Amino acid sequence: MNAPVRIQQADFSQDEEIRALRSSSKRMGGIATFLGCARDFSEGRNVSEISFDAYGSMALAEMNKLRNEAIEKFGLLDARIVHRLGTVQCGENIVFIAAGAQHRAPALQACHWLIDELKQRVPIWKKETTPQGETWVTSHP
Amino acid sequence: MNAPVRIQQADFSQDEEIRALRSSSKRMGGIATFLGCARDFSEGRNVSEISFDAYGSMALAEMNKLRNEAIEKFGLLDARIVHRLGTVQCGENIVFIAAGAQHRAPALQACHWLIDELKQRVPIWKKETTPQGETWVTSHP
Amino acid sequence: MIRVIFFGPVADCVQSREMQLDYVVGMTLHDVIAQLGAQHPNAFGIVSFIAVNQNQVRDKQMVLQDNDEIAFMAKFSGG
Amino acid sequence: MIRVIFFGPVADCVQSREMQLDYVVGMTLHDVIAQLGAQHPNAFGIVSFIAVNQNQVRDKQMVLQDNDEIAFMAKFSGG
């Protein structure tokens, strides 16, 4: 089975991630997920594709820390974080977070916390390709 | 394509629901989902299966109202709600909510709001089968 | 005719999912509750919501119309 | 030897992803910033985070060790 925290070029399947997550416990009553995808429009400009650069080893270490912190902080049964690198076409998947708990509130709260923290703490950078050229994204929309 | 709001005996695929959700807009940057599953343990008792009864026509009408309210309230691009009826084995899917928006915050907030409201407003009842017999669930854990 | 329907825990208590009552001009929701509540006190003890024609109703003085569908429901536990 | 690495927007400004600096006993993070910042002012203008051996560092007086890996990073924009 794939590791629960990954950085990869390839796309991923939500169903497979969920299957892996729930295989960790039969006590799991609530699973919250967040999927970030490449939009065709950002800050008033058309976007055709997005490419990502990362400090890979540190990014993976930070994502593992985030997972452990979330499990501890929200009492999760399990959590998974997958982020793609390389070039992602408009409409494709970028990032996936899943949090599983006995009840729904901690799963939902942990999922929200994880994506907010990931954006603040994980060294990954996004460059958007538009008709006007390429631009590194610096805001946290 | 399946309707965005459904009550059905059959299981569903998260990947298919997400595909249907995102097909509604290329502006979708964030998709939050909640999946409720049957746990093997509830209120201190082992649970082998859960069966559901519903006031079908009213439940479907309420779920459609919830979807419309969430789209309006959170500015969603689309949302889907699926609830299973009949008998669900321990570990299986019960309910699925997906909310898609341009940015992550409204998608995550809408998803949390939808599952909380569904539990309050949709006429569905859950019966747990345990070694001690069958019990209708009355709390909102 | 008034159609009265029950689901889940209430249907189990009443041991029925559906009943029909004769319609009388001017009859209210309260009249139906009084009649059925006397016959099925346990079931009506767990009724938390009432819907008439699939809309939740809180005013028990509501005057019914012929062919109305009334649901007496326990607290919901879906999801 | 000190290994200095750049990513994303900072790497584009520096026009390089990696540099090596000679290690001098007692040298601090501040010394490295002063040296490279003078050569690449635009790049260092967008540096928001610094990591030494993959741990974020805020104290620029930190004394470096031989073979340290320093990353100068713009504000993150993943997710």
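Labels for the chains are A, B, C and D, by order of writing; each one numbers its residues from 1.
Just so it is clear, a contact is a pair of C-beta atoms (placed from the backbone, for glycine too) under 8 Å apart; a residue touches a chain by one contact, two chains touch by 3 or more.
Worth saying up front: this structure is predicted, and the values here are computed from it rather than measured.
Chemist: In this assembly, which chains make contact with subunit A and also with subunit C?
Modeler: B
Chemist: Using Cα averages as centroids, what's the distance between subunit C and subunit D in whole Å?
Modeler: 72
Chemist: Whole-Å distance, subunit B centre to subunit D centre, using C-alpha means?
Modeler: Taking the average C-alpha coordinate of subunit B and of subunit D, the gap between them is 48 Å.
Chemist: Provide the C-alpha centroid distance between subunit A and subunit B, rounded to the nearest whole angstrom.
Modeler: 22
Chemist: Report the inter-centroid distance (CA atoms only) between subunit A and subunit D in whole Å.
Modeler: Chain centres of subunit A and subunit D, defined by C-alpha means, are spaced 27 Å apart.
Chemist: Taking each residue of subunit C in turn, which ones touch at least two of the other chains?
Modeler: Correct list: 79.
Chemist: Where in subunit B do residues touch at least two different other chains?
Modeler: Where subunit B meets two or more other chains at a single residue, that happens at 36, 104, 115.
Chemist: Give the pairs of chains that touch; include all such pairs.
Modeler: A-B, A-D, B-C
Chemist: Inside the complex, what are the residues of subunit A that reach subunit D?
Modeler: Going by the criterion above, the answer is residues 36, 52-55, 57-59, 61, 83, 94-95, 115, 118-127, 136-140.
Chemist: Which residues of subunit B touch subunit A once you look at their complex with the stated criterion?
Modeler: Checking each residue of subunit B against subunit A gives 13-15, 18, 22, 26-41, 90-91, 102-104, 107-108, 111-112, 115, 141.
Chemist: In their complex, what parts of subunit D are in touch with subunit A?
Modeler: Contact set of subunit D toward subunit A: 5, 7-9, 11-12, 46, 49, 51, 54, 71, 73-79.
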